[in-house]
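Next come the structures, one after another.
Each of the next two complexes has subunit A plus one other chain: subunit B in the first, subunit C in the second.
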Partner chain A sequence: MVTFLQVALDGILSGLLYALIAAGLSLIWGVMDVINFAHGEFLMVAMYLSYWLGFLWKVDPLISWIASGVFAFLIGALTYKLIIRHTIGKSAMAALLATFGLSMFLKNACLYMFSPNFRILNDTILGGKTFSVGGVIFSLPQLATSLFSLGVVALVYLLIKKTRLGWAIQATAMDKEAAELMGIDTERIYVLVFGLGGACVGIAGGLLPSYLATFPDVGGLFSLLAFVCVAMGGFGSIPGALFAAILIGLVEAFSGFYVAPVFKYVAVFGLYLVVVFWRPRGLFGW
Partner chain B sequence: MSGPILQVQDIHTGYDGIPVIHGISLEVNQGELVSIVGANGAGKTTTMRAIAGLMMPYQGTITFKGVDITKMPAHETMKIGLSYVPEGRRLFSKLSVRENLELGAFIKKDRKEINARLEEVFELFPRLKDRADQTAETMSGGEQQMLAIARGLMSKPALLMLDEMSLGLMPSLVEKVMDAIVSINKSGMTILLVEQMVQEALEIAGRGYVLQTGKIVQSGSARMLLESDEVRKAYMGL
Partner chain C sequence: MKRLFIGRTMVAKLFLTLFLVALLTGGAVAAEKVIKIGTLFPLTGPCALAGQRCQSAVETAVEVINNSHPEIKVPGAAAEGVLGGMKFVLVHADHQGKPDVAKSEAERLIDQEGVYAIIGSYNSSCTKPASFVAERKQKLFVCGCSSSAALTKRDLNRFFRLAPTDETESLEFVEFIKYLNETKSAGIETVGLIYENTEFGKHAAEEGKAAAGVAGLKVIADVAFNPGATNLNSEVQTLKAADPDAVFGACLGGDYTLWVRTMKQMDWLPDVALNYCTGYQDPIIAKQLESDGDFFMGGTGYSPEFAELMPAVAAVEKIYMTKTDPSVPFDSDCIQEAIATLILAQAMELAGTTDYDAVLKVFNETEFDSPMSLGGMVVFAPGGQNLKAMSILTQLQGGSYKKIYPLDLADTEPVVPMTDWGSR
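Let's turn to the complex of A and B:
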């Protein structure tokens, strides 16, 4: 029973982290119909920033996430301004290939600058700390990262649903021209949305070095899982992405533990296939 | 202010470089209700889009409240008091009635003012108040049209431009919408109206323009246009 709870806990905690990464992807997709293939690399760059802040100046990830979030916001906004804007009105493939190119560029730039080495931050505030409740062990850095992720997802959701700015974002997603007629500068909304999408993944990336190694390829698996969350949850739906992320975290943990570690992604992507066959628009499609 | 509130001078515009408007001039004075009428495809919507700033004229000038808005994008013309209720309503279908209205006042930042505007449009269209929390897509066609007009009023514009308010409504509802437009105009709002329903549009207007294949072919007082043989033959089947 304790083992079962432990596996479930691990699954849920991973899922919450995936949810934050997926929320950023989902937001960009929902508003602009663009899949940001560089999403995982935004995460990687944010992790490097947090890592170097910690390594060089002893800034803890508990603080660095702010810098990483802001940095990734800027990268997102710049990506829109310099790349995505020029692909609007062209085929959907254009944006896809452009962000794919950006992901390659970022990955190789980091490989060149920082080598492929795994970099681990030692002596962070939460690093290695655990506590246990009835035999179930909680890893403090992972718990903090996951709860924080949940908090940020909730904030993004509230921003979209409950504020005037959020309505403006939704309006732009639903009918760009009609939004312009309301006096909404949709170009600025796009910059903001890409920035927010970046910030979500940037915050996650800022926290991760407290328990995860940083290396140039670290974003790949995360972005793949985030994509699966978004597609399974329903493109553009943040609650859908959250639900799917927790589901994926659980499937990953249980199949990895009770079947075999190498089986876990077979299970995750198998589930994904089943869901998209059964409901092509995802569980919570807009 | 003297002179017309909106002055359009010899504009040419079209889609992908192919002109469909060939030199249109018109003006609207403070407090007027002016109708632009014409058959399907005459270029009424295109003219309105050019004025609102959703598309740019190839030639000609548009002046609003003395400001040259020829090249001004829609989100800025809105800020200086020009509100366009587009053809087909274009409501934000998944948002509630209240959220749609709030977005109509997006350029306003003062909460008190926004609430006052909400009260005003609810008074004008009480149905909307009853349905404030319902999503726009679940409203009936007539209610959606009311909402589109109300949303256009939320910014307290200096000029309200209405495109094809009768579209898809049954005759009794058309009459209700027309009555609402008249009462909005009576309250002091300047209105530029576009309609295919020539008779209805000219009956409520002070002046009118008749548009045909991208050109103005007749203009003058609405009464005169209603009595003109050409208009009666061409548009009212008389």
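Let's turn to the complex of A and C:
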């Protein structure tokens, strides 16, 4: 029973992290119909910022997530201003290829600047700390990252649903021209959405170095799983992305332990295929 | 006038022809003075760190070959170039850790760049297709550190590998366990395997299982994982549930750090953790893991702690450290790529020509003097395996690779069982 609970806990904690990465992607995808291929690289850049803040100035990831979030917000906003804006109204492939190019640029720039070294942050406040409840081990860095993720996802959801800015974002997502006629500055909304998407993944990236090595390829699989969460949850649905992310975390953990570790991604992507076949718009898609 | 004009045109044509011939022959003469060697390593992707170090090691060897270094006690170091002054010129390629890219890059190196030989490719999964390409195109492939034993069981004629194989290391592992059981009453009866699901990992695991079976050890956990995973929770949970006395690990780079840290997070350790050619051997990873990396063990072909066994390495290592991070010495993998390059130069020198058949004959029939190898010599068996390849079992203690087995080379007592996480 303890093992079962441990596996379930691992799955939920992983899922909550995927949810935060997916929330940003879902926001961008839902509002702008743009697939940000550089999402994983935003995560990687944020991890590097957090790592260097920790390594050079001993800033703990529990603090540096703020800097990473702000930095990734700026990268997101700049990405829109400098790249995405020029692809609006053109083929969907244009934005996709542009962000793919950006991902290659960011990855290789970090490879050039920081080398492919695996950089591990030691002596963090939570680093390596655990506590046990009835034999189930809670890893503090993972637990903190997951709780932060849940909090940030909830905040983003509330922002979209309960604030005037959120309503403007929703209006822009539904009908850009009508939103403009209502006086909404859709250009500003797009900048904010791309920035917010970046900030979500930036916060995750700021927290991750407390237990994960930072290197130029670290974002790859996270980004792929985030795409699956968004597609499974329903394009533009943040609760959908959260639900799908936890489901993916659980499927990954249980299939990895009870079937075979090498099977876990077979199960995750198999589930994705089933959902897409059964509900092409995703579980919570409109 | 017309005749005069034709005459002038003909003279001009003649001069032009002579000029072109001179240019071409001059170019050919110039081309003869260099030997193009291809390097094929993972310069980007998850194994980029190791790949870039391997490439730097080859560059170091080429520096030794091309310039006169009488202070370096390695065959050919005192002379400038090979065969009376011909210089090695490197053409680099990046396979990103992907077998399909390795194959196409090997084709490009041979067909478009016209390299004489290829040195590479770190990942066994990439060495396999790339060396098939070289064999098909009748070019030499000299492999430093890819460790899958299957590579030298393919009966290729132009493939030569310097490093010990997973088979050799697996036998060393079980021999060491036997020694621990007999002399230290370690009581190690069960083995777990954790390995990346690649050519290298799968083959290492097969060899590990076979060696364990022969030694009467029971394999109770067999955990393959996809490299580059976001977490290794279920993998470590599976090991923890089976609780083997010893674990054989084949986890490269970032996966190795994740494996070690996940074991700490799950508060579990086997009595003995023995690693193949993996992240364990990477001095940067060892340094970054700090005390978490201590008490793990593995086969080691070189570490600065081996200086007294391999005195010739120090002078070459000094050059190597100018090409990478000055604080990072050779590691067990990249030093093999430097040796591969030096052996290739030595073979050409001994053959007295660049003719493939003559050089191949030297590769197949010569006992090479190799002061940078732990074995001191290099002798290739049919299929290309270096029969003199050897490694020493080390254990990380206080961040330093301590020699623990075989006993005649050991300088430190192994810490068995590994010190638990809470007591470090």
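In this section, the second predicted complex is superposed on the first by the 286 of 286 C-alpha atoms of A that agree within 3 Å, B and C clash if a C-alpha of one lies under 4 Å from a C-alpha of the other, contacts with A are read in each partner's own complex, and residues count from 1 in each chain.
The criterion applied here is as follows: a residue touches a chain if its C-beta (ideal position, glycine included) is under 8 Å from a C-beta of that chain, and two chains touch if they have at least 3 such contacts.
Here the structure is a predicted model, which means the values were calculated and not measured.
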Evaluate whether subunit B and subunit C can sit on subunit A together after superposition, giving fit or clash. fit
Per the contact definition in the header, classify A:Trp29: touching subunit B only (first), subunit C only (second), both, or neither. neither
Once the structures are superposed on A, label A:Asp175 by its partner contacts, choosing first (subunit B), second (subunit C), both or neither. first
Tell me which touches more residues of subunit A here: subunit C or subunit B. C
Could you say whether A:Leu111 touches subunit B, subunit C, both of them, or neither, answering first, second, both or neither? second
Of the two partner chains, subunit B (first) and subunit C (second), which one does A:Phe243 touch, if any: first, second, both, or neither? neither
Could you tell me if A:Tyr48 is touching subunit B, subunit C, both of them or neither one (first, second, both, neither)? neither
Could you say whether A:Thr186 touches subunit B, subunit C, both of them, or neither, answering first, second, both or neither? first
Nearest Cα pair across subunit B and subunit C, whole Å: 36
Doubly contacted subunit A residues - partners subunit C and subunit B: none
Give the list of subunit B residues in touch with subunit A in this complex. 52-54, 73-76, 78-79, 83-84, 86, 90-95, 99, 102-104, 106-107, 151, 155
Note: in the complex, subunit A contacts subunit C through residues 3, 6-7, 10, 14, 107-108, 111, 115-120, 122, 128, 130, 137, 139, 142, 211-213, 215-218, 220-222, 225, 252-253, 255-257, 260-262, 264-265
Subunit C residues touching subunit A in their complex are 44-46, 48-49, 51-52, 197, 223-226, 228-235, 237-238, 241, 253-254, 257-258, 261, 264-267, 279, 284-285, 288-290, 292, 325, 421
Touching subunit B in the complex: which residues of subunit A? 164, 167-168, 170-171, 174-175, 177-186, 286
